[in-house]
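Letters A, B, C and D mark the chains in the order given here, with residues in each chain numbered from 1 onward.
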Amino acid sequence: MKYTERGAEEVKIAYIGGGSRGWAWGLMSDLAENADMFGDVYLYDIDYEAAQHNEIIGNKFNDLKESKSTWNYKAVKTIDEALTGADFVVVSILPGTFDEMESDVHTPEKYGIYQSVGDSTGPGGVIRALRTMPMMEEIALAVKKNCPKAWVINYTNPMALCVKAMYDAFPEIKAFGCCHEVFGAQAIIAAALLDFEGVEVRDRKDIKVDVIGVNHFTWITKAHYKNRDVFPLYAKYAEKYMDIGVQKKDDNWFNYVFDCSQRVKFDLYKKYGYFAAAGDRHLAEFCPGKWYLESPERVKEMGFGLTAVSWRKSDLQNRLARSKRLLSGEEQVKIENTGEDGVNQMRALLGLCPLISNINIPNVGQIRNLPLGAIVETNAIFVDDDVTPVFAGDLPQGVYSLVARNVDNQLLIARSHKEKDLKYAFEAFCADPLTTCNPADAKKLFDEMIDNTKHYLGRYFK
Amino acid sequence: MKYTERGAEEVKIAYIGGGSRGWAWGLMSDLAENADMFGDVYLYDIDYEAAQHNEIIGNKFNDLKESKSTWNYKAVKTIDEALTGADFVVVSILPGTFDEMESDVHTPEKYGIYQSVGDSTGPGGVIRALRTMPMMEEIALAVKKNCPKAWVINYTNPMALCVKAMYDAFPEIKAFGCCHEVFGAQAIIAAALLDFEGVEVRDRKDIKVDVIGVNHFTWITKAHYKNRDVFPLYAKYAEKYMDIGVQKKDDNWFNYVFDCSQRVKFDLYKKYGYFAAAGDRHLAEFCPGKWYLESPERVKEMGFGLTAVSWRKSDLQNRLARSKRLLSGEEQVKIENTGEDGVNQMRALLGLCPLISNINIPNVGQIRNLPLGAIVETNAIFVDDDVTPVFAGDLPQGVYSLVARNVDNQLLIARSHKEKDLKYAFEAFCADPLTTCNPADAKKLFDEMIDNTKHYLGRYFK
Amino acid sequence: MKYTERGAEEVKIAYIGGGSRGWAWGLMSDLAENADMFGDVYLYDIDYEAAQHNEIIGNKFNDLKESKSTWNYKAVKTIDEALTGADFVVVSILPGTFDEMESDVHTPEKYGIYQSVGDSTGPGGVIRALRTMPMMEEIALAVKKNCPKAWVINYTNPMALCVKAMYDAFPEIKAFGCCHEVFGAQAIIAAALLDFEGVEVRDRKDIKVDVIGVNHFTWITKAHYKNRDVFPLYAKYAEKYMDIGVQKKDDNWFNYVFDCSQRVKFDLYKKYGYFAAAGDRHLAEFCPGKWYLESPERVKEMGFGLTAVSWRKSDLQNRLARSKRLLSGEEQVKIENTGEDGVNQMRALLGLCPLISNINIPNVGQIRNLPLGAIVETNAIFVDDDVTPVFAGDLPQGVYSLVARNVDNQLLIARSHKEKDLKYAFEAFCADPLTTCNPADAKKLFDEMIDNTKHYLGRYFK
Amino acid sequence: MKYTERGAEEVKIAYIGGGSRGWAWGLMSDLAENADMFGDVYLYDIDYEAAQHNEIIGNKFNDLKESKSTWNYKAVKTIDEALTGADFVVVSILPGTFDEMESDVHTPEKYGIYQSVGDSTGPGGVIRALRTMPMMEEIALAVKKNCPKAWVINYTNPMALCVKAMYDAFPEIKAFGCCHEVFGAQAIIAAALLDFEGVEVRDRKDIKVDVIGVNHFTWITKAHYKNRDVFPLYAKYAEKYMDIGVQKKDDNWFNYVFDCSQRVKFDLYKKYGYFAAAGDRHLAEFCPGKWYLESPERVKEMGFGLTAVSWRKSDLQNRLARSKRLLSGEEQVKIENTGEDGVNQMRALLGLCPLISNINIPNVGQIRNLPLGAIVETNAIFVDDDVTPVFAGDLPQGVYSLVARNVDNQLLIARSHKEKDLKYAFEAFCADPLTTCNPADAKKLFDEMIDNTKHYLGRYFK
């Protein structure tokens, strides 16, 4: 790349994955919206045809008059081709197919274990990690070979173990995991300001929060807006809606907050006095199984949903149909801000804008009471070609051991990957707070889930 | 006290509690067995008659020709009288009566929660802590007033929170908690040496082990005997008996090992590769409820027992009956080594012998990955008027979060005590691994257990 | 204060000190230059007339057509009046007079000890700290009384001990120390870019550096510009100019870099491989006395200067004369950007702009291998009413003990202040790297310097 | 080796070095004095004749009727032969000859730098480390090859860097450094007890002290005797003799205390309130050069001595002459307890006795505020085949940075060894507190000292 008066040009982005379309189109839109970065996006997916379709759709953005920059999209057949000379690598893959995910999410239901997402933690998260880590290792080694100085932005779940696998494979990698779940927390504070004081917050980023924890189970202990501490407002809001939840009302920007009623996070606030900053579907999975996921009825009572894989399958069909319409021109591509930080992170790393945002990287001491080397989530500052975590201190009492439990499991699973031995992963599986069944059943369940997904687990059976 | 050629004379020991007899008689026997320490034992119990009985029984030891030292036992009516000028304070109280303990242990069974002991952790441990901490605070303040430089040895459970309450009330207190559970671990190694190599270990103390964890959930990562690392022998032993357990065979000194089949600890070895060093009845309570305490059948299968409070009540009757026989002379007092370290700890603190033993004191860094200030168990060196922990390092992967979870709860309960607010204790109650019921039931259970024991909980309702 | 469409209005700033004019006028100019903050500046100085003159001069800024905001300046007779309701407190005092400073800086010369500044460390810094800490304590207590939630920005030296005294007096104080010495480091990197690559850096802030150390002895281990790591360029520049130093050439914005030849920092780079980020006059004072301050000749050879207090006195006369001209209208006030971050820090704390800047606050773990509680300098993020340090990690080998030595002395001096006992300060005085004389002479020197400044040291002689 | 009723038999000890006789004969005497350990001592020295002489002398001990055990001494020509199958390895070598040591100790005098020992720190210690580390590396690699499970006891100086070199070469090595300097501290407390209270302490080991620091610069913060804290007695003693020093009076066991007047350690007590636990000749070298080593006059005033290498040379002649007499039978070997802990350490590691003693091993957290991996000195417990450090906590204020400075230099020198680059060692040389000259002179001095000893420094010039 090079700097010009317009900003940065000839930037090369490698996009790994994207066959499932959603994230890829969002990135295209976000790239088009910025006027100071230009270049090429190389698309690599194991489904080459999907990459080709994305190439065509991506290039259509250049024809929009609203587009502020031009990006040349190009599908390639090998990962090496995509990565050679890349400045940024975006990784957003589906590890396996939705059939494997169906096993991850639904097999445990036989034993009364319900999972609202099943991709980060819980029995499903463990199995998914086992099949994803080898893929991430492969990508990290390809980065090492083709573009060792590139920044790698991961969107794939399970976030922590994906990033861990990359650092374990190539310790010098400049990788981080990026997740929008915290943004909803800012929106909730904004909602509280509106509710109690009639204050309209212009942009969720105007609410400043600290972040401490692990991906999808991050916590906020401080929140500020303008010249004041607005954490007490959150407390008031949590108390007001604790029993009834927050209802969806309209369509303005912060509405994605209301995908759940927030009752799980309000209950966690009641317990610990801190603000759990992710969607309730995620939060619930990090707590003892009986708390929020005891049964579909309990889930409903708490105002969130179990995301069935059948829904994901049909949603994918919708996206494929939309892909067809976009390709044929029946539907036009459109610039719609995703609210994601990915493109801004790239811009900040090129020195085009300042940025403080939450990311997932190895713990080097930014969280004092978690093990060094575990992948944790805190704020970080992004500046020219550098990312440095903000000092987050200690996880507070009560919250500490919930997170420590997850991190300990994270390290056990990573050890299984490293030693090619399922033993440690099984211990993590048993120790997972969602595994409410007894050890004998846990063993049967684990074996069945492994068997269901064994096509991707060859590594462990050599 | 003063030093003479015989050793230490005019040593004053205050014994707080002891109405339930067992521990008091053991101490009397251990004191009589040593030839280098002499003095007075002041007996204080809220049941003055019990103290008087112990006075009479204690003084009978002086008449035994096997007694190597003379101790003057004296029942007193006030704690101040017992403590004034004391060199050592032994605390072994029953917090409340067995009726409260009955509630602690058995009320949770309504919700399918079985506890094998119910005095350290689990729902019963939480409630017991709430009523015991104020008593320990009172004792600590009396020590501060009457004998601030005395060493205080606690045997009362829940050990960690008892010691915590004393340090919170009087930070300069020279207190530690003492527990024999680790000794059984040495006996198991001895059994392994006998089993595999025919080696007869003379004394369990000849097996040297490190200790890291919290009381009743301590772990051993190194074991040595003479010039060798015998940890691998433990591994071999655990594997041999993992499925069948160890059967009680005879009556030699290390037989108290066999009170349980050790299957819980062998299973924990299989999981984590380390040696859980307490009786299985205790270990089971620190693990997720479904692992070893799912049902009475599971308990039986794993080869340990649920200690019913009815048994404790009848056992107390036996001790009271024995007390009567000892008083009347129908039965003679007898010197029987208890295997406890209490008297040796006193001797070491007076410079009469060297001693390294496991104790419970605040974490000042001896366990690196647990919070400072929590009460933890490690080895310590006892020398003239001083106790210093051995550096124990980090709890290992997997084990770490099980212990962290307990420690986090410890600190929450201590906060309830400090702030006179049951809220934090309830959060610990919910987060306890034995609390397998859902939050609504947990709340009902907590309220009922509090109500059952409310006579001792006035502090929280002011 | 309140928010309006223009930004923040009715902001109240209390300016404590400023009688020596320089900093006060700079602040006035910086305030005038921003269009989004408006309000009152209350001026308090022990010299009321000086405050009154500043009031008049400050208000003249409002008449400039270049002024983008209006500020009402008002001299007050009591510190309480200045502080009541303040949003920000700026502290920039001269502790004592230049006569005391003359003793600080020049008395040690009798023993061959030369100091280039004498206000931060070295014998002069120790004595200055002893008389300044009580003043800072007084200010902190006044803040506690009048405006406990105000942000306090300190410019007074010795920076670390001034901030320490404030936190020791009022632990909840929202205070930090602010220093521009790091900015010069950015200018040096800019100079290297120009020198080797002909690249003109627009603004020193475009060079992103990490910061770790203590005030006036901060270190940089990473430097980035746009999409690259420019630390290697610094290395090249240091090597090129190591023996000859950098000569002043012209008058563009980064010229204040060339006040010294940079040979001290290049030599420190050679030694340790890191970039010492303060003026050479400061850096030299933190190193063993023989390294750079052995004699005036050595100082000259290394290309920096000894700032004589006689120069400071005459410089003050110049400023007083200028004050007279500004008052009379003979000279016009003028907006000249100072390059300081103070006003931007206020704006960031009000949510008006993003800011990452280096500050001095207590170590809570942002520097892992220095004691907690010591005042250290690192980057921090400034957001709405909150400041959070960036995680800086460990001071690197070699540099570590030079800084640790200073920090240990910092804590000894603070202890003297706290315990009103000169003993610890004397130990710090002896252990200071500039104290090259023997202990007997050190004692004589210390006593003489204390005697010279005893008017301000009553606290220690009660 | 094997265990029998007598204790441990067929123990194999490899003695590396010993050509200078002193330590070797002491070990022979200590071995003979114990009745529970028997076996072989293989003697290896680069001077084979010296080893042969020691073989003959060693075997003469077996003929003494006072000998309680039999040891077969055998000189061997290769280190491999000595090490094969060894249970213990004792390392006590002279790195180079006294000619090199003459350069280490006396060359710096040209620049006014006096060293009282010159083998641990200071300019002499730096150069000595550079030539010793490669030898220790070689020994460690030979241990790895021949007896990786043997315990290695080092007596060679510079202690810290010798042990460091062994661990750097073979991280799994079971090595520690052993030093008697702390024992004198116990003797001083005994002297204080005698002085103030007429109490005769039977054995210096009856005084229990903690130990924290680095070899030859260890500190005591707690001291107990029987049931009391005797640290205050030390304080009283230090104050009494601070100005006059302690005079040698008679010849009882603790007289080696009085080799110096203790004024250095009393002065350090005055400064910091802690007890520096090594001989004054060592302590002085870790402090700024002007404190105690400014001149021979200052040394005399402080009551200690500069150990000239000429004295060492003539002392060696005495030992060689004695060797001749012992060989010829003109003089008889004699059992004289050395007071060293070496043989007891071996016995404790075989499980024959309990032992807590001070040793030098890598910091794993036993000293919290020093870098991990640096070689530090604290107490440790020795049990069957295992050594575990006692938790020593933080070095106290003031003392902290003196020790940190030395440790930082230790790590710099180790880096020079590792990277075969003298650069880092030179920086340590400059930063050493004894290097009171300016950098230009320091460079000349360093170069001259390197040149004087270059025969042993080939590693750095490849």
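Following the convention adopted for this analysis, a residue touches a chain if its C-beta (ideal position, glycine included) is under 8 Å from a C-beta of that chain, and two chains touch if they have at least 3 such contacts.
Note that this is a predicted model, so its numbers are computed, not measured.
*Asks:* Measuring centre to centre with C-alpha atoms, which chain is farthest from chain D?
*Replies:* Relative to chain D, the chain whose C-alpha centre sits farthest away is A.
*Asks:* Approximately how many whole Å separate the CA-defined centres of chain A and chain C?
*Replies:* 42
*Asks:* In whole angstrom, what separates the CA-based centres of chain A and chain D?
*Replies:* 56
*Asks:* Which positions in chain B touch two or more other chains at once?
*Replies:* none
*Asks:* Provide the full list of chain pairs in touch.
*Replies:* All chain pairs meeting the touch criterion are A-B, A-C, B-D, C-D.
*Asks:* Where on chain B does chain A make contact in their complex?
*Replies:* Residues 271-272, 288, 290-291, 294, 298, 369, 371, 397-398, 400-402, 404-405, 407-409, 411-412, 415, 424, 427-428, 430-431, 435-439 of chain B touch chain A in their complex.
*Asks:* Can you list the chain C residues touching chain A in their complex?
*Replies:* On the chain C side, the touching residues are 1, 3, 8, 87, 206, 208, 210, 222, 224-229, 349-351, 354, 356, 364-366, 368, 379, 381, 383-386, 388-393.
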